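In the two complexes that follow, subunit A is the common piece, with subunit B as its partner first and subunit C second.
Up next is the complex of A and B:
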């Protein structure tokens, strides 16, 4: 059973797209960043254009209006669903079917932001996003969009151990995956924890240093020397 | 096949794929037609690799890497077209008025919600002038009075062009924001749209009634008659779009509420496109024409009447096909 929030979406090719919806915490941070950027720009605009007198004020008002309602729309449509704040936080907006968000849905979800904000501080949006599995606020529900985490760029595996060791033939595929996962994640574990976990397998592997043995088996599985 | 062999054999293929996807993800990415033509078939091979890798329980590293490419490839292959500019003209000429006629049930309701309270308030204030203070603050009332007082013609005659630009900016940001709120709050089962429509109607009726009592009718009505056509109609349509969202939630029919809301939003957002265009026109008229006091009142009424006829005629007749054929709208 999976305990994480990952959702799978089946494509016409039969592949399952793994999408990880982003919860309100990270989205609030992204929104805060966007607000800071937006207000920064608006301040600069008003200061610069106030030099032009009333005409400048008029132009500044229009620009401020555009920034208020269309800043997220512009970035979401032209930057594959990422406003600067979202990009910073590693999230982006997609349509329900996993495709990049388009103009209509983007405008809709950003207009409905007004309702999601009510009564204060996005309370409606937060409550709504906690009521469904994709963390959709009202704007997302109406527009058929969702906010997902960007997949982190994949790295070459390096298990910091040379040499190969055959994997025992009676290991099931799930058990093999467990070995691989251990080897891939072992650098995030402390040395004590590493050996504690690896020692569980000691009776099966029968090696002096089970950590190295497992990593060598992982080398065999990914075809590394 | 061992994972290492698999990777060695096919890595060049998905490396090419990755480069192509990166190119497609750029806003101004350039790929040749021939490369694009074979993208779909290559993408299907990639999906095949991903499925194989998963089925053979290769390392999660490889499966995730291929999975990531599949997601990104999917997004590029299936991304929706956005032929915004091409559709723009046909939307204005035919699409929008057709849509308004199609959704006229909501438009009529919104119109009633704006004008009926407005008219009642207007009549009530003619009868009991003090009722104006039920919807507006005294300071606001006096500011309206000084705005439309024929004695101080700040509203117009010698207004300079840069003031016009300033007011244009103000009307754009204020009116379109009001329309957006009227629309968006409709998602709360229509309550928000109803509130904004009725409130704006009451306010409008109160100001009109009060200024009629003060006998500033000429300055007031010559000012509002021009842009009112576009502005009030646009607010009605924004309200109608909001009511549609609310109704979709209240009475989803055979659909789930979520699905019903999604389908209604698809139509409602198109109404909002039209509303934005109408309000930009309205702000333009309001800033550069309505404020002009050099013209005689009859000229302004004439043009105002013409604009009303234009808006109504546009919504009623534009986009109907000739020879009695039914339009596709």
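Up next is the complex of A and C:
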């Protein structure tokens, strides 16, 4: 079996949902940003409320408590599993089955954050996440949740070539997808590599300039002139 | 490098996803990697143990400083394992001296603290580049996706230190409290430390645990960058397409034509037919490429690239941007208040205001009020929880018999009014009056209604669906143990029979019978309901 970070869930309808679990590196960064935001807010609250004497300090302590425990829960439930830090890093929390996270699991995984934190700085969580394929820390295991990468938004393809060319009829979906991938990514390849790749297909498509021919086939597939 | 043999899913990934692939790789080839790591690094570890005790941190630093060299055999293992060619420990160990000596001086001096060390190592070790060519290559590789490499170096160091402290504190936590020694001094006090051996061993353990992951993550980043730069996945897919077609086109037809003895003709015919199909398409592509050859949309071959003077280009771009098509001037007029300068006053005002707020006695009272409110909120919350889950609590802890809902007493039975308001005070007298007036039906109806009223209110469960006969039965059951009420039961049975005959059969009872029923109603119902009917709700 090929080693891959992507895990596909099969729905009852037989459709494959590709999910990509996120490992500890990106999550540590997201958590760092969240901590910065949280402590920034707490500092502002304390400075502002300390003007009100002891009562102000009391209110500030209560607010700090709420922020510490419910900041991730609030954002995960209302922002589809994205705290500001996670959004910045392009990851989100979902349930095991790919559905959006709800209040119960979110609360559980964030309360158990404390266990993962032990003995210091998420050592338990990191070790636990390395012990399963979905990179779940203990809180995730208990709550049945996981952290995944968000799919990058699809961009409008531009192949920098005009004209269309019919795709050979015997090309399967995967093969057509390879043609598209070539046309989309050819601008990131060096010219030599580009023609080298296209030449592989020369016996199949039989054109004078296979790079342009493949791009024109891609134009046909996406409906561009 | 053989892409057919690759054991990874080749696909361009985001940078952090590549790091995760590295984690998976480290897990998969953990055993061979840790074997060679221990084999290679153990002599150095022994050497650090020989360093005098009060210099033990030098030993720890030494181990850490040597990591770039000790990690090289791990990369060797990984780079072969990825292409399904896992080398055995013995051959890797034999290779170690040659691997380690490559550019060892620069690796251990000015490049030691490079944050992208893990990602750069493959360029040195696998591509064998050095000097300016290495720099160029690194420049290309670092153009994208290299920030995780720095982060992983930082996190790796943090992990090593935290693992070290974590394992020590774990051991410390296992020491029973009864042993009353200042254990903390043993571990953390520089002067009186006696456990340098243990500390160094734990440090070595921490380094060993993190090294395979660090190497694998860096290698995965490097690999991902190359997959993106060289489009390995497209390479694989295109080769697959070409191989499939060549097999389909040539092999079967070749076999077939050999069998038929017509190999050359058939083969040519097939190729010609194939080319014919493609002809119009080819012509079209030539046309389009000619049509747009003057524009920049089509990439020129590398040979025709002409150098442009940078400064000149910049100036012409500037000149173009200065034209009216690219710029626009607008004038906007808006109203604005003439604000007098009051900064001094306001600041002193705010100072005073906050000082007043801070010293305000009322806040103490407000604080205690707030405290009371908070406690009330807590109590209310507890109360709410109890209220919200009262059924569940009752089901768990208290077996409360559900109190039956009180049944509404019927107000009409058989279409007749059986309320107290509809009945006169003295039933017997009124019934006799009606009887003497010749209205026997009304007299019996009054008696029957009054009887039903008394029955309903003495607790007999009669409702609208019962028949007259069932009413009598219910009454008999209800008073079965009450001997004093038997005359009443007998009276009601007789009354019911006469009433049924009259109401449905239009058969009048005899005058004596009617008289008897009228006269005896009071004595049967009123007297006995006082004496005998203990549950008499009617009264």
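Everything below uses one rule, namely that the second predicted complex is superposed on the first by the 207 of 225 C-alpha atoms of A that agree within 3 Å, B and C clash if a C-alpha of one lies under 4 Å from a C-alpha of the other, contacts with A are read in each partner's own complex, and residues count from 1 in each chain.
The rule is simple: a contact is a pair of C-beta atoms (placed from the backbone, for glycine too) under 8 Å apart; a residue touches a chain by one contact, two chains touch by 3 or more.
No experiment lies behind these values; they were computed from the predicted model shown.
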{"item": "Subunit C versus subunit B on the shared subunit A, clash or fit after superposition", "value": "clash"}
{"item": "Subunit B versus subunit C as contact partner of A:181, first or second or both or neither", "value": "both"}
{"item": "Partner chain in contact with A:67 - subunit B first, subunit C second, else both or neither", "value": "neither"}
{"item": "Subunit B versus subunit C as contact partner of A:28, first or second or both or neither", "value": "second"}
{"item": "Partner chain(s) touched by A:213 [first = subunit B, second = subunit C, both, neither]", "value": "second"}
{"item": "Contacts of A:130 with subunit B and subunit C, given as first, second, both or neither", "value": "second"}
{"item": "Partner chain(s) touched by A:58 [first = subunit B, second = subunit C, both, neither]", "value": "both"}
{"item": "First, second, both or neither for A:221, with subunit B first and subunit C second", "value": "first"}
{"item": "First (subunit B), second (subunit C), both or neither touched by A:18", "value": "first"}
{"item": "Stretch of subunit C, among 44-52, 80-88, 134-142 or 386-394, that runs into subunit B once the two complexes are superposed", "value": "386-394"}
{"item": "Common ground on subunit A, meaning residues reached by subunit C in one complex and by subunit B in the other", "value": "53-55, 58-59, 174, 177, 181"}
{"item": "Sites on subunit B touched by subunit A in the complex", "value": "2-5, 7-8, 25, 27, 43-44, 47, 50-51, 57-62, 64-65, 67-68, 70-71, 74-75, 78-80, 82, 84, 160-170, 172-173, 176-177, 180-181, 183-185, 187-188, 192, 245, 258, 261-262, 265-266, 268-270, 272"}
{"item": "Residue ranges of subunit A in contact with subunit B within the complex", "value": "11, 13-15, 17-19, 53-55, 57-62, 64-65, 68-69, 77-80, 94-95, 97-100, 102-105, 107-108, 111-115, 138, 141-144, 151, 153-155, 157, 173-174, 176-177, 180-181, 184, 218, 221-224"}
{"item": "Footprint of subunit A on subunit C - complex, ascending", "value": "6-9, 11-14, 16-17, 19-21, 23-25, 27-28, 148, 151-152, 155, 158-159, 162-163, 165-166, 169-170, 213, 217, 228-231, 233-235, 237-242, 245-246, 274-275, 278, 281-282, 284-289, 291-292, 297-299, 301-302, 354, 357-360, 363-364, 366-367, 370-371"}
{"item": "Subunit C partner contacts - residues on subunit A that touch it in the complex", "value": "2-6, 20-26, 28-29, 51-55, 58-59, 89-90, 119-121, 123, 126, 130, 133, 135, 149, 152, 160-163, 165-166, 171, 174-175, 177-178, 181-182, 185, 188-195, 197, 200-201, 203-209, 211-213, 216"}
